[in-house]
Amino acid sequence: MPRFDAPAAEVREYRPEVAEPADFDAFWRSTLAESRALAAAPRLTRVESPLTSVEVYDVEFSGFAGDPVRGWFMVPVGTDGPLPTIVEFIGYGGGRGLPHERLPWVSSGYAYFLMDTRGQGSAWGTGGGTPDPHGTGPSFPGFMTRGIEHHDGYYYRRVFTDAALAIDALRSLDRVDADRVAVCGGSQGGGIAIAAAGLSKGLVGVMPDVPFLCNFERAVGMTDRDPYFEIVRYLSVHRDAAERVFETLSYFDGVNFAKRAVAPAFFSVAMMDPVCPPSTVYAARNHWGASADIVEYAFNEHEGGAGVHWPQQAAWLAERLVPQAA
Amino acid sequence: MPRFDAPAAEVREYRPEVAEPADFDAFWRSTLAESRALAAAPRLTRVESPLTSVEVYDVEFSGFAGDPVRGWFMVPVGTDGPLPTIVEFIGYGGGRGLPHERLPWVSSGYAYFLMDTRGQGSAWGTGGGTPDPHGTGPSFPGFMTRGIEHHDGYYYRRVFTDAALAIDALRSLDRVDADRVAVCGGSQGGGIAIAAAGLSKGLVGVMPDVPFLCNFERAVGMTDRDPYFEIVRYLSVHRDAAERVFETLSYFDGVNFAKRAVAPAFFSVAMMDPVCPPSTVYAARNHWGASADIVEYAFNEHEGGAGVHWPQQAAWLAERLVPQAA
Amino acid sequence: MPRFDAPAAEVREYRPEVAEPADFDAFWRSTLAESRALAAAPRLTRVESPLTSVEVYDVEFSGFAGDPVRGWFMVPVGTDGPLPTIVEFIGYGGGRGLPHERLPWVSSGYAYFLMDTRGQGSAWGTGGGTPDPHGTGPSFPGFMTRGIEHHDGYYYRRVFTDAALAIDALRSLDRVDADRVAVCGGSQGGGIAIAAAGLSKGLVGVMPDVPFLCNFERAVGMTDRDPYFEIVRYLSVHRDAAERVFETLSYFDGVNFAKRAVAPAFFSVAMMDPVCPPSTVYAARNHWGASADIVEYAFNEHEGGAGVHWPQQAAWLAERLVPQAA
Amino acid sequence: MPRFDAPAAEVREYRPEVAEPADFDAFWRSTLAESRALAAAPRLTRVESPLTSVEVYDVEFSGFAGDPVRGWFMVPVGTDGPLPTIVEFIGYGGGRGLPHERLPWVSSGYAYFLMDTRGQGSAWGTGGGTPDPHGTGPSFPGFMTRGIEHHDGYYYRRVFTDAALAIDALRSLDRVDADRVAVCGGSQGGGIAIAAAGLSKGLVGVMPDVPFLCNFERAVGMTDRDPYFEIVRYLSVHRDAAERVFETLSYFDGVNFAKRAVAPAFFSVAMMDPVCPPSTVYAARNHWGASADIVEYAFNEHEGGAGVHWPQQAAWLAERLVPQAA
Amino acid sequence: MPRFDAPAAEVREYRPEVAEPADFDAFWRSTLAESRALAAAPRLTRVESPLTSVEVYDVEFSGFAGDPVRGWFMVPVGTDGPLPTIVEFIGYGGGRGLPHERLPWVSSGYAYFLMDTRGQGSAWGTGGGTPDPHGTGPSFPGFMTRGIEHHDGYYYRRVFTDAALAIDALRSLDRVDADRVAVCGGSQGGGIAIAAAGLSKGLVGVMPDVPFLCNFERAVGMTDRDPYFEIVRYLSVHRDAAERVFETLSYFDGVNFAKRAVAPAFFSVAMMDPVCPPSTVYAARNHWGASADIVEYAFNEHEGGAGVHWPQQAAWLAERLVPQAA
Amino acid sequence: MPRFDAPAAEVREYRPEVAEPADFDAFWRSTLAESRALAAAPRLTRVESPLTSVEVYDVEFSGFAGDPVRGWFMVPVGTDGPLPTIVEFIGYGGGRGLPHERLPWVSSGYAYFLMDTRGQGSAWGTGGGTPDPHGTGPSFPGFMTRGIEHHDGYYYRRVFTDAALAIDALRSLDRVDADRVAVCGGSQGGGIAIAAAGLSKGLVGVMPDVPFLCNFERAVGMTDRDPYFEIVRYLSVHRDAAERVFETLSYFDGVNFAKRAVAPAFFSVAMMDPVCPPSTVYAARNHWGASADIVEYAFNEHEGGAGVHWPQQAAWLAERLVPQAA
């Protein structure tokens, strides 16, 4: 697909007004409080695998409404004590798959946690293991419009809560250095990381790649690629729902979380990305509440930096973890 | 798409062995019994519309697990007493929409009921009004793989139960002649009609058009069109699930319901249909437990007979409703 | 397809200069006069159908050059005397099909006429019954470029004349209230309705949905969807024909008919419509010679409002038909 | 597109039974007789062009029903007297275009005539100049279904008659050696050449490339590429028309003309051709009434041999034109 | 594809700043000098063909680095002495094919030479006969990115040198009037013609049609059609290469050759061309160093004027060749 | 894409006759001997990376004709002495990318080498670093047809030689246990692994996934997906080249290498794979010269087992490496 967003110079400065509900903070405060009240301690089960340099644990922690959520937790063999820790969230449709598919961080001295996305994990990759035990109103195939008629029942309320509680759960582990937790993810995973950065305090870094779930008013209708287009398709059937739908989405817009972020961020953006248009990524980055670096991939679509980006993340994060001279 | 199924002569004779679980009847008996035990009387609300020749009612009846399910009930103005009644089920992704979109039967002297499909109604048309308040395991976008790992939690367990209970509910209405109820539907609606014919007794006719949900072992992988292809996509991620998935599907295969049908049937099939391949339609028709007429549309894809078919249905059904001379 | 036209605010104000031939009125005056001189009285034949609440008539009336044109005329059973009457025109490629496919208006107390489109009726639906007995110069497959090198031989000269003479013919029927005739149609049918509104006097309302055939200078080349694109394809072969072709089209541009309309209008427009771009719809609406309401469907493509729109039309028209207090 | 027809060995032997109407010969005899009775002498107009080695004439001759049909006639500069002559027919949708586009034969010592296809010439290339002054019943966009409900009004009745009368007209010219006329053409042009070979006597050779219009019963529905697929689309709307349509087509099937051919033939066929499937080409070749050579292009789609084939045609024909030793 | 470039009025005036390396002239001077030093005299071999009005020669001349390059040379039978001569370059992926495919110029009194494009000639048409005996670094499939990391090894350095040396070689032939050589070509052939016009002196005319290889900074990323998109794909993998790649391309940009051209030009441009966007064509034309006429094809994509354009070229060139009155 | 190959039962037994040149062994013997004679010792350069559990080396070894070929060599930190070693080859179009993208084997106690594919590495992923310094005849874009007219110059002669010499080079390293080297790869990488298994002795295991480059006579034309389709495209232009091309390919057919393999194999195959059709994979597996296990992925396309397959490979290989009890 050719370049289609505004010229690069405009995109870089794009910082839109985004609808923000008056009770945004109250909504999330009570949402988290309710689920935290239902949370049990995470359960870790050691998993055998061919990997000899990594210890692998199957984790089950309490997410939204106390629902069990799965993930992989890995630590390097031959280390002990609390480690700086990475929490990663997954792209749309994917599941946590298998541990050997996600080795770079744990091979670099970090504890690493990969959170399953409830209900997802059947569209690509090697599967997910977390159901979403909540029903839904009429929805377009996919996850974007489940419960979209009201913020209380919207699917991402559950997912973002899972993310915040994953961080809680990890911090309770003795192999995790609670003060040195960073979050990351690509696409949907980047959107969840942004939400986590708005909901969780004390993160050491936030690394969203080509993030999804930002600036819905612009994104919905600007591209005909899923998953944003799922919302267009829903609205094309529910022709009177636009106001309600965008009100719901305002509780979940990455821009509103970005404003509340206090940890430094390291974004990536792909300037020809038809799935997560670059201006919508800049919308979140330019509203970020703390320092926010960004790497542009000028000729990439949604694959963005792919493997080229991780070493840059590793370098950026390493610098944040070094004790600063007084 | 060109012709792709077996030659027409073979297709017409196709009558495959289809896996049937030993507890098929027990499963459905207990499923229906449990939900019937939870059913309340249907609630009808008169709806204003521009239509002057039709009375329209918004219906809410108790479906699976007592869940409220919606539908439109219409009777011709100027009639009274019990009428022969049509129950129609809807194609995949659609909802009940608006009453004026479905006028032929009620304009021909019938009472008419259109059942919403829970959770659906957001992919085309003018919307649905029935949520599906049950969660799901990891699933591919769409409805085909929700709960597909076990027959107890499979989505179509709920939908088929809704269909059987819709017939129960209608028969309780004074404008419905309980002995003269026929069911129909196209595509998914045809598949539901077949299931209803296997689950409900005393129907006067069953009219499935280009029905879906028949002969899964052949259909899954034979075509790359959704919704059958959703199952392929699920299995392509959950590479070890095929046995479990096909076991689940065996409880929902139209062929197994067809064997149990006792009401006469009037099928249609499109010989170039890439969505519901013609041989899978003949699989159900050739296993039908009673007389089963069929109209072939030789050069059509999934649109089948479209508007050309309804007059033939109307004629076929009229003949079934005429009191037979002794 | 994503949004592609100008921003909504611009689209709504779009009111272009459109080429208008000096002899536009003379051309149409003589065209209609010549065909009216050849017109015979319409012939109505009662048709049997399963419908019990509707009387159906197969109509043949005299269109352009006295050519026989077909249509369905329906009146509600149990009414008599002149009724307010709807005339509907059909979308590109379709034919009049079967009567039971078009029941809402006649189920709401109106007499209803559906005009076949000459030569069309073989691309979708259930068929048409009206030949176009006039040959054509070299043309691109389809109807858009038949005779496009001169306005005298252009295909739509015949179709628009058919439309005007359909209204004449209907007004001669005793079940039609000649003072309360409204026209409607979607896509091509909307374009024909606009032309009819420019050519026929005394209409009570005009209801074009996502109309085609408006503002050719903008539409041709703005979209690559047929049927506008048929003209691009023709011009890509006949590289010297652009001036002649656009001169021809200026006699048939909906904008030029809109300027001449005297009846109130009720438009619909789909803001993501790649077939009939929204600005070209607003071009006609913003030039309308009388009051012109419009409903926007913000997230729809060419399906526009579909079934959601008819109740709004019915309400709008009902208001126009109520005798006004003095 | 991958190989899709039967295995090559089967394709080469394929010689199907094809429906042949009892009055096939009578129909064509009377058709030609009627049009010949209306024929005027061809008119040639010398055309200026940059070409210095070729004399170019714009020809108008009398085709079906005396309708004027155009073509280009070219002879090499510096020759005189009667020359062996090639008549070429054009592929679907194209027109005669411009003389400099067709130089090989005339640059090789032949007189050359290119016949325009009535009504066509607007889909690709540089245009056609021959209208089709006959109207049509409801038809699918394109030419395949114009008048297809009866053989008297079918479009190709006119085209094939044009072809036969083109040969008549040419033979009347003093630069044409009437005993040494050969016909050729690709795709539709090949189909017309086959028809001409069945209708005209005394041809010295027939060279159809990847011919269209052969073995309709197999071709219609075997491929989803136009133009065969136009017939499928027509039948998908006119669901009751198949018998009539195939009866019509039996008067125009290349196989029935092939049986009647008495001139030697030189075919080409592309074994991966999705437009004119190779078995349908062999159907005509294997029924040919005289010797019929064929060149197979094993890895080509509808482009067939393209420029590689002409030298082979030239060599084949040259051999046919050499006076045989006694 | 719909119109997508800037509005026509802007496109016509578009005259961008284009990066030009300081050593552009030095680079090309030394490149040509080195290859000229290695050049042997061209070898012509008379080829038999069915053509009787044309003498055909298979030519091998020394291109870049003395590599043998092939071409067809044709002169009209019956002429002698030096003739005005056309040199044509070929579109992307094609080869010189067969002589009878390119007859118009030689049938109009010109000597004609068609240069093969090294390594190409296997993507369409009837083949090429010239290898490219130089290896390449990692490249995207195709020719656009072979050696693109440095101008010394870039593929088009070899091709453009071939073009300049083709002109040298031709001028050494006694049938070629060295003062009346013109160059032409479409798409890539047009781009090569422009380069030749910048590298060779004394041409009588330059006729680029819908030329490729102009204004890379705009073209790369503006369209998603190959071959420009090959560069995007390369850059999407080699994410750090953009600066190097565009530096390389600046040595090969048609705009930089256009500035240096001294022969009059006759361009064509297609205003809906998604392969060679019209603004990039105007970029070269508006920078042309001499008079530069242009013909616009308003409704064409990359096919441009096709056969309609050649007569205009022939007329334009004829005028340039007429001796001017003193 | 739906299932398209023969029925599974047939596919599993498929063991075709495949053309084998008489001098197959001689050709490869001399090819390897010549290149081995030019080989220098491999050069390893330690590379810094964020990885703390892996030592990474950039390797340059001598491949075909002594050409330098690159790769990554990795060993687990904290090990010493010779390790069992995996050599992996890469899928079509990809390059070696970055070390952290390939961690599973080295995280499981193996030394690991990833060989770059000369000339490739620009179509997906994060790039390659090995040029192919050999020119080519006319070729279709891509690598499949470079030099395909003769086996001496065919591209894969160089690649397969690189693979054999990579194994030589690795065995010379002190961290590699020369008796415990296994090869693997997916798609093209699987095809190279098969070739390596036919050319190198003493391998402990061969693990080809959905391998490409097997049974060309069947594959070429059976699918329209690249890269096999590149050969079809080449043959569609070079219409006389089929015999030469298939003779060339017979020197490179995986089936002929499979016959010569002496190490045990562990294949995977995807039963809906349109890129490497399953029967062509079974062709190699069923001709394998030693034991050959295979895992079928019934509902996968070319992604095959993806991450699900590696643990099975690891288990299979571990069993092969365990010292067997006497």
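Going by the order they are written in, the chains are A, B, C, D, E and F; count residues from 1 in each one.
Quick note on the criterion: contacts are C-beta pairs under 8 Å (C-beta built on N, C-alpha and C of every residue); 3 or more make two chains touch, one makes a residue touch a chain.
Treat the numbers as computed from the prediction; the structure is a model and nothing was measured.
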{"item": "Over-half contact-pair match to B-F, picked out of the listed pairs B-C, D-F or D-E", "value": "D-F"}
{"item": "Result of counting contacting C-beta pairs for C-D and B-D, higher pair", "value": "C-D"}
{"item": "Chain A-chain B separation of Cα centroids, rounded to whole Å", "value": "40"}
{"item": "Separation of mean Cα positions, chain C and chain A [Å, integer]", "value": "51"}
{"item": "Separation of mean Cα positions, chain D and chain A [Å, integer]", "value": "63"}
{"item": "Junction residues of chain B, two or more chains touched", "value": "125-126, 239, 308"}
{"item": "Residues on chain B engaged by chain F in the complex (per definition of touch)", "value": "220-224, 232, 235-236, 239-240, 242"}
{"item": "Chain C to chain D touching residues, read off their complex", "value": "93, 95, 119-143, 145, 233-234, 237-239"}
{"item": "Residue numbers on chain C that touch chain B, as the complex places them", "value": "49-54, 76-78, 97-98, 100-101, 103-104, 107-109, 125-126, 306-308, 310-311, 314-315, 318"}
{"item": "Residue ranges of chain C touching chain A (in the complex, touch as defined)", "value": "1-3, 272, 297-301, 303, 305, 308"}
